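I'd like to ask you about the structure that follows.
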Amino acid sequence: MLDIIFAELIVAAIITFFVREKLAAIIAFFMSLLPLLALLDWASNYGFAIINLGIESHMKIYLAGVTLHLAITPLSWFFALMILPLFPVIMLFSYSFFKENDGFFALMLLSLLATFGILLSRDMLSLFLFWEMMSWSSFLLVYRSKDRNAIMSYLIFSVFAAFAILFGIIILWHENSSLLLSDILNISGKPGFIAIASLITGFAVKAVIMPLHAWAPFVYSKCDESFVAFLAGGLSKLGYYGMFLFLFSLKGVDILQSYMTNVSWNYLLAVFGALSAFFATLIAILQDDLRKLLAYSSIGQLGYIAIGFGIGTPLAITGALFQAFNHAFFKAILFLTAGIVAYRTGKWKISELGGLAYKMPFTFMAALFAIFALAAIPITSGFAAKWLIYEAAIQQKYVFIAPIMLIAGVGAFLYSFRILYGVFLGENRHDNVEEAPKSMIAALFILVMPLMIFVVFPGYMLDLMKPALQAAGMESIAHTKFAIETSLAKYNSIAVLITLMVAMIPAFIIYKARKHRVTSFEDNYLAGEPYELHKPSMHAANNFYKPLKKVVLPYLEPGATHYFEKIYNGIKCASNAVRRVYTGYVQDYAIYVVLFLLFIVGWLIWI
Amino acid sequence: MGLHNGDKMMRYEEWSKLARKASKKSLWMVHFCTGCGAVEMPPVMTSRYDAERFGITSMATPRQADVLLITGYLTVKTLRRVIQVYEQMQSPKYVIAFGSCTINGGMYWDSYNTIKHLEKYIPVDLYIAGCMPRPEGIINAFIKLMKLIDEGKARGWEKYQKYYDRYKENQRRVFNFEIKEEQKEEKNEEH
Amino acid sequence: MKSIELLGKGEEMHGRAYIKLNVNELEEAIKKLKENGFNHFVMLSCIDWLDKGKFELVYHMWNYEEKEHAMLSIDIDRNNAVMKSMSHIFPQIETYEREVHEMYGIKFEGNTRLTPFLLENWPHDPPMRKDFDSKKFVRQMYESIPFIEGEENEGI
Amino acid sequence: MDMIGMAIKIAILIAYAIIGTCVGLLFMGIGRKIIARVHNRVGPPFYQNFIDVAKLLSKKTNISHGWIFDLALLFSISGILLTLLFLPIGGAQLLSMDGDAFLVLYLLAIPALGFALGAGASGNPNAGVGVMRALVMMLSYELPFVITLIALMIYYDTTSLATIVKMQSIDGIKSWAITMPPFMIAAFAADMALQGMLMEQPFDIPVAPHEIASGPMVEFGGKYLGSLMLYKAIALVAETTLFVDLFLGGGVVMHSGVMAAIINFFVWLGLIFLLFVLSILIAASFPRFRIEQAFGFYWKYEAIIAAISLIWVYIMVIK
């Protein structure tokens, strides 16, 4: 059965390359549902019997003399559950998004195949093969953007990540002479340390942790939003999958710690995560390009996962996985919303948008829900995730990380409101904008569903990740359907929601007690000036957070991107200098030959 | 603008007495500072005369206010803004016109651009005579307005709704400086 | 007085320099004064001499160092009220020209912003001209607008 | 039996919601009176704010800008009531066992965000600018506040407000957090943050009436403005109560018994009144900070003060 899924994905990828875009979307949509079917079937392994098709849970592929081991584990099942649903949704969204078929669907199906492969692979070789396959298929998707910065930065960072991972794999293979993941436990000492560290560095590129994030803003802001939704929602989680796999499932933490005992490697990861969360949030607040804002917000939100992994207690890891799950969905919604906005208006600059909420109410509602989740408002599942990480930080007395993390959480309100106000509220500047096509709306609301389910039942989410935690030797934290309990406090979702409902009653009475009249946007207080006279611009969206910018920008100016640019320029200069040698004149080459001979002769004489 | 199309007429008697008592004791004003009257407002609000002890506060926007205080003469251009502000206020709303300029043009009685009788364009609940009235006069006017509200006589906003078309016609004429033809001839003959 | 010395004509009037110029001399004169310390253009005023059939335009300038007020006066024909715009010398003249245009109906060639300034929708003769009868206009215009009398027990 | 217990609990919650609203409105009226006395004026009667709310809610015309504008009304009242009920009030736990300080911090954002949504939906540029200022102000004062909060949390090794209150009330007034030197510093920083939270004078630039026409509420009138006044009144109680719970033992001086509950309630009332009067007196005597100045004040001086207390507490805990 499993080989059939792999085969059909390849076949579907080939077919969708040649057919029209609508047909391609339909084929891709149904084909990408099949891996989900396998996931549902495997759910019975972890105590959720839903369907029973008898899909085998492991497989071996014999490829050119090597054996690739594929099998499902609790961890990959959980991560598959958060990444794979994005694919059919994106296909559904893309049904009316693309005007022509230029290979998007084929490449997305290849990415799906690669993602599925990465999650299933049980040895280093298949992991690396599928990782490269995913990197290259996503690189070709990035290449469609035709933006030099995006393509180059993605290429350079992907190659760097691939080398780091390959380096780690080679060391492990050299030490261990086995490629099976389960054999990594055998190694220790310096080689083990270097191998794990370089693997984590490689994954950190895809997980966009702060110093290695420089590619993300370019790529996220220049590619098709439907692809970026996968990139931000899904692909970044693969980086965290790799981290979790090597750090916790395979006890990489102990290997790191056993070699250098005086440095807390966990804490270092948490610090990097906290800095990501803090600085990316501040930068996101000051952005004007909607996609760039979302890109930096993505880096910030992913930082929380890194913090969770860094803290490393079961509580923190539960929070991190919860956050990863939420982030996959709400960030996908937000990027797809940006796609809808661009599809309908052709604009990305927030200062040029505005007032779309009444024109596209359903898009607005989905975006609102995603933003509530992003800002961790307790009426979405976003809160429980961040709460768990906060609790973990307090429990471990991480006094440096906890305030940074909390203030980054407050910063999220600022850029959330920037999106809400700049894009959806305020002055309407687009008269002939319609609601998005039905397929896009459907895609958005499918993604909203889990956010709504897991706010009522945060306990179910903990149940879902329980097998993965147990496989890594961690205890699941105490919870019921509605409530999560830690050693510090308790969070009861149903108490919040029911009280909110009840507290709505007086508000609703006040709302209904007196009639109101809905007036037009033009009837607005402008110090008495009638709007029709001058039709002034009413959208206060240009340079929105100016006071904050004035204070904060001097401290943000020399960012990481700046240093990467310096390195890039240095390499360029060096390459230019080397290139000067090749002047193209025969005489110069003759002189080189003569000089070289003289050098040899001189060397011989000196000896 | 058609602001008042949706509002159905409602008898004042249907209002509960409590609501009237409340609105009388909490008069929030937006003072439209035209002309020289604005200078009389700071003493009214600050320590010397302290209007806040009657629940009178000044508000920043017409949406929040109950009383529109017009402090002095109005040119046609300003009248347009005053009407915009008045229509943005939420009923029940009251207008206090301030100084002789609003009553009959005052010292600008023969000016080509100053409106002479404010109540031709918006309903005025209360005039304060004087050029300029003193702060005592203003506070006295507010107390008088409270009494009128209590007795159910301050009903300018209802009048505005009822004769909306006629007010609009007057406003249109004054905005366009429109002289009717027969008027022109008649007046010429008189001369 | 410095301005009288500079331009070679004019007289002192109540401590100010009053310099009568021809229309074509004005531009040179303003430029010359501007170069010589009269760097504040105070205002442009206009007088309607109905009996003479002329508009008198007075350009007021101020010198901070000498503390001297210079008034450059020109006459233009009342029936053909056209004047060259001076706004290229002092940009703020544009606004004064708008006002004079609106109030007296003088057209300033070269000023592109002669839009309604203080009066909105004004359809009649310019109101500051002496032949505009303000009292008659008030009678015809404002007093003809009817009061709105409510029924009994309405309003105050 | 369980049903009866449930009913009693619901009745208590409703009672506290009503008490919170009334106390808030009363305090606002007294605050106006105090400011008037500072200005050497007579000032309005102390019940003035009740009259104002009654008037606003009985306005005949109410102008809305669409359904998103109405969210401001719905979310502001419900969100702030929710927050209030998740705080321990004068020894009464209410719902505070079901959440903790982080939850309260994020619950406080529900009404604020609803309010911001409504303000944004009106389309008035002043509203946009006002909300921007309010949000930047929030970012400013939250830093010292969360640092002091974390200091308390690691000292008491809990994040639950109910537990913090319980541990501070073991020994009556003597065990209140503010009696300890590090928390004295922290309480100072937190009180300054409270000033920003209440949007009182040095930090009231988000609603500057003469500059941006009262900012976010520029288009609010009638029942919308009335609901916002109610929100402000309850927020006043909730925010001062949060401070009292954190530093002043929630006003708990006695244990067990009906008499103790009543005394605790009045001690709580007195403490939040004192806090409010303090903030009103600061408000009456200071001019307004610009937003950059406020940001600098909180992130430089206040944050350092709060950080000193956090480090102090951390050293104490580690030992």
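Lettered A, B, C and D in written order, each chain numbered from 1.
By our rule, contacts are C-beta pairs under 8 Å (C-beta built on N, C-alpha and C of every residue); 3 or more make two chains touch, one makes a residue touch a chain.
This structure is a prediction, so every number in the text was calculated from the model and none was measured.
Asks: Which chains touch each other through the most C-beta pairs?
Replies: Contact tally peaks for the chain pair A-D.
Asks: When you take the mean of every protein CA atom shown, which chain's own CA mean is nearest to it?
Replies: Minimum centroid-to-centroid distance belongs to D.
Asks: At what distance in angstrom does the C-alpha mean of chain C lie from that of chain A?
Replies: 67
Asks: Distance-wise, how many Å sit between the C-alpha centres of chain C and chain D, to the nearest whole number?
Replies: Whole-Å distance between the two chain centres: 59.
Asks: Between chain A and chain D, what's the gap in Å when you average each chain's C-alpha atoms?
Replies: 36
Asks: Two-or-more-chain contact residues of chain A, please, as numbers and ranges.
Replies: In chain A, residues 517, 519, 523, 525 touch at least two other chains, as defined above.
Asks: Among the residues of chain D, which ones contact at least 2 other chains?
Replies: Within chain D, residues 58-63, 213, 218-219, 222 contact more than one other chain.
Asks: When you check every pair of chains, which ones turn out to touch?
Replies: A-B, A-D, B-C, B-D
Asks: Which part of chain B faces chain A closely enough to touch in the complex?
Replies: Answer in residue numbers: 1, 3, 6-7, 32, 61-63, 80-82, 84-85, 88.
Asks: Residues of chain A touching chain D in their complex?
Replies: 355, 357-358, 364, 372, 375-379, 383, 387, 390-391, 394, 397, 399, 402-403, 406-407, 409-411, 413-414, 416-417, 420-421, 425-428, 483, 488-492, 495-496, 499-500, 503-504, 506-508, 510-511, 513-519, 521, 523-527, 538-541, 544-545, 547-548, 550-551
Asks: What residues on chain D touch chain B, complex-wise?
Replies: My answer: residues 32, 36, 39-45, 48, 51-52, 54-55, 58-63, 209-210, 213-214, 217-222, 225.
Asks: Give every residue of chain C touching chain B within the complex, in rising order.
Replies: Answer in residue numbers: 118-124, 127, 132, 134-148, 150, 154-156.
Asks: Can you name the residues of chain B that touch chain C in the complex?
Replies: Going through chain B, the ones touching chain C are 75-77, 80, 105, 109-113, 115-117, 119-120, 123-126, 148, 153-156, 158-159, 162-163, 166-167, 170, 173-180, 183-184, 187, 191.
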